[in-house]
Amino acid sequence: MKRFVFATASTLAVVAGTSVLAEPQAEVLHWWTSGGEAKSVAVLQEEFAANGGSWTDMPVAGGGGDAAMTALRARVLSGNAPTAVQLKGPAIQEWYEEGVLADISSVAEAEGWAEVLPASIAGHMMCEGVWCAAPVNVHRVDWIWANADVLAANGIEMPTTWDEFNAAATKLMDAGVIPLAHGGQAWQDATVFEAVVLGIGGPEFYQKALVDLDPEALTSDTMVQVFDQMRMMRGYVDENFSGRDWNLATAMVMNGEAAFQIMGDWAKGEFLAAGKKPGEDFLCASTPGDGYLYNVDSFAMFDVDGDDKKAGQDLLAKLIVAPNFQKVFNLNKGSIPARTDVALDDFDICANLSAEDMGSTSAAGSLLPSYAHGMALRGSQSGAITDVVTAHFNSEMSSADAVQQLADAVANSY
Amino acid sequence: MTDISMPQSQTQSRTQSAAGKIALRWLLYVLLGLFALYYLMPLFVMLTTSLKSLEEIRTGSLISLPREVSFDAWNTAWSGACTGIQCEGLRPYFWNSVLIAVPAVAISTLLGALNGYVVAQWRFKGANIIFSLMLFGCFIPFQVVLLPMARLLGIMGIAGTIPGLIFVHVIYGLGFTTLFFRNYYVTIPAELTKAARVDGAGFMRIFWSIFLPLSLPIIVVTVIWQFTQIWNDFLFGVSFSQAGTQPVTVALNNIVNSTTGVKEYNVDMAAAIIAGLPTLLVYVVAGKYFIRGLTAGSVKG
Amino acid sequence: MAPILDINKLYKNYGATEILKDINISIEPGDFLVLVGPSGCGKSTLLNCIAGLEEITGGTLSIGGNDMTHVSPKDRDIAMVFQSYALYPTMTVAKNITFGMKVRGVDQATQDAKLKEVAQLLQIEPLLNRRPSQLSGGQRQRVAMGRALVRDPKLFLFDEPLSNLDAKLRVEMRTEIKKLHQTLDASIVYVTHDQIEAMTLATKIVVLKGGIVQQIGTPAEIYNNPANLFVADFMGSPAMNLIPAQATKNGSGTEIAIARETGETLVLKDSRDLSLPKDVILGLRPEDIAEAGFRAGAGVQEAECLVDMVEPAGADTYVVSELGGKQVTARLHAETSAQAGRMLNLAFDMSKVSYFAKETGERLN
Amino acid sequence: MSEWLENHLPKVVLAPSFIAVLIFVYGFIGWTAWVSLTRSKLLPKYEIKGFIQYERLFDSPRWDTAINNLYIFGALFIVIAMALGLLLAILLDQKIRVEGAIRTIYLYPMALSMIVTGTAWKWILNPGLGIESMVQGWGFTNFEFDWLVNPDYAIYTIVMAAIWQSSGFVMALFLAGLRSVDGEIIKAAQVDGIPTWRIYTAIIIPSMAPIFLSAFIVLAHLAIKSFDLVIALTGGGPGYATDLPATYMYAMAFSRGDIGQAASSAMIMMLVVFAIVVPYLYSELRAKND
């Protein structure tokens, strides 16, 4: 009870001036429906409720948010937008341009977000100079996960170059182990692809090819090499990979069927859930090469009517970026906090490594948005690239053809 | 009845031994049995998987029977599975689906009956064109209508509500229900309507007193068809619902298609069976009438 | 007394097709009007127009002296019996019969009394609780009539009510309908394609073809003085012999020459004072050609003809001979000695002959 | 007034449905046609820009694949489902003892959404989990059944599942047809000593022409609308090897935020539907309009 009073008081303090009397209300559309994710959202909901808010949950799973985006579009068109929506990357700016997002600058300024968020991440939360979304976490995408026992048994070190990786893979195949656990879904193909682009081309090339869509970079020899490496990767994958969910691929690494998996740090949650220890049972490292590909989850607030809902948006935005939630949520989810002033003592070594790298790459200018997870490009552009990547990976297409198709597809999307 | 199974005992030569005939008969049953296996396989996999423990699923074979039958997964799926932060299983969504499907089926069937009655028995100039225009509506891909429909639902103020979903299902069910009833009513002699008109009955009276009592077979077909379509709908359900009005297919999708975390396949399968149970039941119970109704409608129509 | 049904310049079109053209019919109370014609002649459409089941395109229509041109069927005070009987399949016989009264809000006691009366009249009391599917064709027919009778309308309409019955039942029901007409003194419009039905039942016949009235008259008028070739050919069985011939004026009478394939031209004399063109069609009913010696009268002319075929039919024997390129049928007495391939002396009753124009088919005398 | 109402009641009754169809089908088709001429992205815009979306569509290799898949899938699905449905109907028409039960077994897949059965199918067709590993487990180690993961064959697994779902319904249609064939004709043929299979091929099957037409229309409409099936089974993969126009359109509209492109693909789909349905409607209504 005491806590409730305290919470209410603090809420009043924050949202004073906007809508003091309305009970904060929020209908939250998201696609975090399973295990660890759902638990993470529950943390937010509890905090929200503790601050006097009433939370209506609207989960829509499937297709990495496709179904949720379908629902969102229908809701926005019907003039019945949800209060807050899980959105990320350039999609935030796209929605803002459609004129349907709310401005949450008052909260952001009151909370001093600009000081605690890395500049590149803060950039994703701004629309035409105003704050329009609240970041939840930072996922690193360019991870390579490995089964420690399998590597030890075959005398393999964690690879730091793609040549080393190829050598290790050959060795593993000879030993009858699947080198790469992979699920044949377009977004997983794209995840591997961007890691290879970053590794072989380097951060600058990545920026040119997959962020700026520079035609020269897209048709360069480097890109041909990237597709050559993708063809090699295809050989390291077992034949049942098609349509496999990523968590099943993770399980293959866990039980020693496969040695490596290239996947974002949500994979760690699977290892931890199975009782595996980082550094002992499984190993984490960035994929060969420099740079850091981030995938930042965030919530955008939609324009809604009613003081209660507006109060809910302000409260929600404040809670999301507040240190407590950032810590608890990311402990559950396997990612790291978006704000840099959260103590990472409770986090595991992988998360600490991720945070360290984020700091260093941010300074070096190689902290880059993940294209595969919708951070770098608009949907139609990233989709066009993914079409080519996945078509190449799943067929006998030559690297030269793939490069040509890639350039065409990018030119054809806009 | 076509009745041609054993007609040839007299006309065929006697050299064909009884043994040969029995063998043929056996072959027939074997063939039918094999097809039955093909059709049952997915259901079998779903059912056995739902009764296994997660451990057994990981280690065992796909088609083996469960070593230890457990209904835990069913319990979880019904009332404990988490979709998002709520862990209430399919139960509340199941109820939503009932609230959507029952009125939508009833309304679209009634309207289809009335429309079919008009088109088949009260032909007026242009009735055929109107009917073909309505029929063409059956074939429109539903993805096409999502966005404009959302806008109109918003204007009408029923976006995200159960009445809104009922409305959508009724609209896009009209083509088929009208077709079914029209094809059925076309087989009823026009003289019946004439006789009733001379007897002094009006349009509605003839419908209620004469046509509706005749319509049981086609009502069964229409109800089965509409119920299956509406209950199984996902696209409209996911697009035009909001928190609290989502139908069971959306909840099932949330359970089955979660992208992260440990997948509880037994719960997925149990949830899938629960979500499919009402339609399954309808087919098993009323399947016989379905086939009969089809005879009445589409063959002679 | 005002006509019970008066149709004036009625037109009916479906789009651009004219189904009925300039129909003018009027009948008195107690008349039994039969609309007869081949299928597709518009007779059922005309009946539907009378019932109000079809809107008419032009003209007027009154029943019992009231203009009914745009009145809906239920307000025309008519009852109708259909070819397929159109019994309501889900109702019992009793409900079928009382449905009309129920719709009109007649009280239950009257309904019961009427039902009883009609059931008695038609002898269908044991069937009252059955459904139509449990009845035989004849029984259904009775129920359909009961449904009409119980209403006591100004005008009864029958749409080929007997065509779905077998031959024997048809004759029985025909008699019964005739009897009902006489006992009830009802006004009836009856559609059929069967000219025997038309002859036996009607007090007045309308022959229709292609939506145009060919002739209106009593059965005798229609039979004896058909207005044109179509009516002549359509009414009567076996049909009237229609023979191409050449007419020449000869004093006060006329000489009719008929070409024959075998033997010389047959010349018959008609003593009536007629003015005919050269080429005519001569119409003579089979019963007006007899074996020589069996027919007497002023107009009878005898001639030898080659018999092609002999068809005994019990009461009569039909003989077929070729005249003017046509198979001409003569109706002889049963004991005739006619044999196929032999010559036979036939008596033609020229006083009964109808003449038709070769080009238009219109009657000339 | 009441006279007018009485005379026009049929039209009055039909009017709401007709108006609804006009707005919600034809209005929306018109809306889609309009949007297909714009550069709409995340949300629809209404400024006409010409045929740019159609040019993009026909330049897209993925759309080519989707259309080719529709041909392959449509043709195989319709032909096999009809043939299988007819075969099953004939087999079931031989006075089978447990006909009711077998019929229900054949028919039940129609009752279930692919969202429900998709997961089971995915397992069964997966080489590592399903039939292939099962048969290999029996000792036939050379047995291969990896269509689901083979880009050249994956579309056939979609066909398999689609046939599984719909052939029972076709069977029901044909069974109903067989049962309504005039018994006297068959008796006459038997008296003439015509063998059973000839009776089927020469007499019964030709007399069921209207049912073939109905079945064709139902199947064609299912083929064009097929969506759940692909999403549940392959998600369009491997790569986009099993994309169909419906999934292409959905992907463009909802995951790519490319509504103009989605609208243009929808219009092409509508044209295909139009080409199939209009002749059917024409023949259907002409035949019955006598």
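Chains: A, B, C and D, in written order; residue numbering restarts at 1 for each.
The rule is short, and it goes like this: a residue touches a chain if its C-beta (ideal position, glycine included) is under 8 Å from a C-beta of that chain, and two chains touch if they have at least 3 such contacts.
Keep in mind that what you see is a predicted model, and the values were worked out from it rather than measured.
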item	value
Most widely separated chain from chain C, with each centre as the mean of CA atoms	A
Which of A-B and B-C has more C-beta contact pairs	A-B
Length of the line joining the C-alpha centres of chain B and chain C, rounded to whole Å	55
Chain centre separation in whole Å, for chain B relative to chain A (CA means)	39
Whole-Å gap between the CA centroids of chain A and chain D	37
Per-residue multi-chain contacts in chain A, two or more chains	63-64, 70, 73, 76-77
Chain D residues counted as touching two or more neighbouring chains	6, 44, 129, 250, 253
Junction residues of chain C - those touching two or more other chains	72
Of chain D, residues touching chain B in the complex	6, 9-11, 13-14, 16-18, 20-29, 31-32, 44, 88, 91-96, 100, 102-113, 115-117, 119-121, 123-124, 129-130, 133-134, 137, 164, 168, 172-173, 175-181, 183, 186, 190, 193, 195-196, 199, 204, 210-211, 214, 221, 224-225, 227-228, 246, 249-250, 253, 259, 262, 266, 269-270, 273-274, 277-278, 281, 285, 288-289
Of chain A, residues touching chain B in the complex	27, 30-38, 41-42, 45, 56-64, 67, 70-71, 73-80, 82, 245-248, 266, 269-270, 273-274
Chain B residues within the chain C interface of the complex	189, 191-192, 194-202, 205, 209-210, 213-214
Chain D-facing residues of chain B, complex	1-8, 11, 28-29, 31-32, 35-36, 38-43, 45-46, 49, 61-63, 111, 114-115, 118-119, 122, 124, 127-128, 130-149, 152, 171-172, 174-175, 178, 186, 202-204, 228, 231-235, 249, 252-253, 256, 265, 268-269, 272-273, 275-276, 279-280, 282-284, 287-288, 290-292, 294-295, 298-301
Sites on chain B touched by chain A in the complex	82-86, 146-147, 149-151, 153-155, 159-160, 235, 238-244, 246, 250, 253-263
